[in-house]
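Presented below are the structures under discussion, each in the form of structure tokens.
You will see two complexes here that share subunit A, one where it goes with subunit B and one where it goes with subunit C.
On to the complex of A and B.
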């Protein structure tokens, strides 16, 4: 039973990351947008949902006590609204500029969250965020939340698949692979890019809302570029960018490796366990290098045409 | 046939004879695993080696003096939260659900402690004892009495700091605090207490870590309201030493008031004893009864000649491991609810006072059904209703290039 609960926690975290990586896949895998600011959109979703669902408090705005099924879509919407101006400004020019702009916006959001105490509670964070189904008690509440997270990811996956197969998705690929050709057949690349960027950001926002509810606590410490932005890149590239199943698989596989190395490191005696912490980080980087060299398309590469 | 039977009987007897003590010794030797979540990598990594040494010192002393319960050895299952709440939640789940530890020491950072408690240990009912989480918010957790800390909350240290700063003749002070829960909480508590004592905070600034220079911030602070001293709430490596250097080199400030984060001999060496003359500060919980403290420090130095027993939260870590072991002994079993129920009793009066290195005595009293009151290396512990250690605050100053304890104040 306990081992099952451990697996449930790992899978819940993997599901949250799967939402991030599906969003990034829409942006990078499908459209070729280099978004190094996933953190900003995760933060927007997480804080919006947290403020809407938390109990009223004097240390931050609100605490509106709304139910999660209202707050989670609001989190996704907030992330989309943040992405809209960023994308609209930076996507008119070359896509490289998006990478710079997103790094900037991520830093701005991170520092704003840390310093605007009236809004976010500053470094003290937001406590008392309710988690859906926690009233069911220990084993069932956690399993029910896993079910909800999986259902949300399944919904996102279905939406991402539908997008990828639609004429819109084909147009996005066309923009990615040959912008001039897309223009020649009358597509507007800038507009398509903004649409894909905003949709991907909404996915990340929903993932952020799921994350805040899972931790029941949100603070700036949870928003670190390494674990929120770049780990997602590792997952997507490992799984196979351009392929939605690859995005989900990458999230699960990387979390599984992460958890397995954590468990292995714990079996080592004291002093060695400390060093193992750094070896783990090194191994994750090494694994990414090996994947890039040996299998640049990831575990499951992109499949175009025969989508099945 | 007869011979065979005889042989078989002999064999059986021999096997039984061998198995009996073997079984008994295995019951004794079966290690009892307790968990620890430390930030072995990431932003707090530099604090970890002495803190781990503190925990291991307590466990080794206990194991050398006969272990817990019926002679079982305590073994530490360690997890690294990478100074990150997501990872903290994941490793805490592993400790609770896969390793099934009945009690956890840690996590270290306040934010991670809150995340881990909310997401994992409160629902599971596993007690956690943080040696170093000082944010006031932790007292307010709806935790079913599962969250304890041997660290003293920041509110108390700030209150004492405000009082003594005013008492030392400083009327106007500028405050510069690291921009996290530690810095903010302490700065607020200091300002409230300093103003209540009749002082004026001329200006207050939160700084971001690891900047190459803090001259701009210091110039702003020094230029407003003619402050007599700079109250600096920081850590040496992530900006504190740089700020002191900048302030001294440019003559922005000549008098400094520091907190536990900066109570480090390396700071004096880096900035210079001359420049830091007249500097004073506070620190929580380095103020146990002197003989308890001495026994702890001697044992620590013997075991770890290169580490500092007075380092940040090291004594608190030792005490966290010690009260966890006492609670297991008192509970009579390594079961989470029983340990949780026993924690407060072993840390506070009534009961016979035991201290660092008294394990054999404490175990005997508890085995005989008696009560103990652990007076630790960091203070009296005495967990209160919200699971916080009752604190004493040390006042220290820098004279002749050394950090000296001036006095110990209680609440």
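On to the complex of A and C.
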């Protein structure tokens, strides 16, 4: 039963990361947008859903005790609303500005989460976030939640596929491949980029909402740039940028490796264990390099001509 | 050329790059229904004129009128929608798309590009796509590229890429098309076919062309009127015979022969 719980936890987190990586694939894989601030949109979704579902508390506004099926879309919407001004301002100038703007907004959101106690509970965070199906007891509640997370990711995958294969997705790929040529065939690059950016951020926001419910507790510690931003890039690039199946596969594979290195680090003697944090990162970076040397396109890369 | 407004009327168009004047008060007309030629030595400003007319570069002065309507400063995608398309001198294809996709993406006003329609109106978009696919395949057949529809754009030769550029412009449904050296790097046989294609599109479909071309025999055969540019200015306009005999044009080309501008 412990093994079942462990596997369920691992897979649930992999599913949550798959939501992030599908969102990043819409932005980077399909549109060529460099979002180095995934954390901001994950946080927007996580805290929005946490506030809406948690029980009322004296330490911050809310909670409102709303059901998850209302709170999760609200989380996605909050992330989209955060992405809209960021994208609208920076993408109108030059796309490289988006990279800088997203790094900035992620830092701002991280500091705000830490310091705006009235809204986020500050360092103490938001507690008592209900997790769907927890009433079923262990391990059934956790397995049922894994099922819900997988269903949500399946929905996101279907939406991402419908987007990528549509004429809209084709226009995004045109902008990605050659902006000048895209203008020459009647596309407005800034407009398309903002749409893709906002849509990808909504995916990340939904993933954030799923994460908050899974942890049942949301605090600044849950929002490490190393995992929520950097690891997602590793997942997408290792899995295959430009391919939604690659994005999901990368999330599952890289999360499995990440969890394994966590377990390995725990076996190390004390002095080494403190170094494990950055050794782990080094190993993940090394693994990515090896994958890219062996398969530059990732495990399953973009296939030309599979989109109608 | 009497009566109706020209398809394209350029007046006093000026474009600078830093201190360098690439277009120095260019004025010219492209009569409705014509295949107008634009010649001139390397560096004369011909491609810059295309980019400025089509909204890719903002002019410092001057106006561009499309069938009488002032369109100066409109972005390229707006001009595309109202019927002005251009090609690039050096082909710029979408590298991670097939040849067919390169053409399909160029059709204006696709419902499938407007969210949320791709998610909720799947049947309608599938019909739109099927029609678009047929149109793209018809254009590819006309350009002798039917066998390459499924190939990645990067697999084509330089000459074939030029043809795809032309094909994308045709997919736009534009009534005025600016072609930047459509036959450069294309073999003689294909060159004849491109010339014939342009002539028939002009004659049968009524599309107006402005064509930059270095092959003066081709220009003589295809284009009337012809404008000659040098150093950012229009130095002669008229029939090819008139322009060819213009002393300023001879001098501009001679200057190029002695000191190539490239």
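In this section, the second predicted complex is superposed on the first by the 287 of 308 C-alpha atoms of A that agree within 3 Å, B and C clash if a C-alpha of one lies under 4 Å from a C-alpha of the other, contacts with A are read in each partner's own complex, and residues count from 1 in each chain.
Following the convention adopted for this analysis, a contact is a pair of C-beta atoms (placed from the backbone, for glycine too) under 8 Å apart; a residue touches a chain by one contact, two chains touch by 3 or more.
Quantities reported herein were computed from a predicted structural model and do not represent experimental measurements.
**Student:** Quick one: is A:168 in contact with subunit B, with subunit C, with both, or with neither? Answer first, second, both or neither.
**Tutor:** Only subunit C; A:168 stays clear of subunit B.
**Student:** Please determine whether it is subunit B or subunit C that touches the greater number of subunit A residues.
**Tutor:** The partner with more contacted residues on subunit A is B.
**Student:** Can A:136 be said to touch subunit B (first), subunit C (second), both, or neither?
**Tutor:** It touches nothing on subunit B or subunit C.
**Student:** Just to be sure I read the superposition right, which of the two partners does A:187 touch: subunit B = first, subunit C = second, or both, or neither?
**Tutor:** Only subunit C is touched by A:187; subunit B is not.
**Student:** Residue overlap on subunit A between the subunit B contact set and the subunit C contact set?
**Tutor:** Residues common to the subunit A contacts of subunit C and of subunit B do not exist here, since the sets are disjoint.
**Student:** Show me the residue ranges of subunit A that touch subunit B in the complex, using the header's touch definition.
**Tutor:** Of all residues in subunit A, those touching subunit B are 2-3, 5-6, 9-10, 13, 111, 114-115, 122-125, 127-128, 134, 138, 141-142, 211, 214-217, 219, 221-222, 224, 227, 258-259, 262-263, 265-266, 270, 273-274, 276-278, 281.
**Student:** Over in the complex, which subunit C residues touch subunit A? Could you list them?
**Tutor:** 54-56, 75-77, 80-81, 85-88, 92-98, 101, 104-106, 108, 110-115, 118-119, 122, 125, 128-129, 133, 150, 152, 168, 171-172
**Student:** Sort out for me which residues of subunit A touch subunit C in the complex.
**Tutor:** Subunit A residues touching subunit C: 159, 162-163, 166-171, 173-174, 176-178, 180-188, 195, 199, 242, 302, 304-305, 307-308.
**Student:** Quick one: which bits of subunit B touch subunit A in the complex? Just the residue numbers, please.
**Tutor:** Subunit B residues touching subunit A: 40-41, 48-49, 52, 56, 76-80, 82-87, 89-91, 93-94, 96-100, 109, 111-112, 114-115, 118-120, 123-124, 135, 137, 140-142, 179-181, 183-185, 206, 208.
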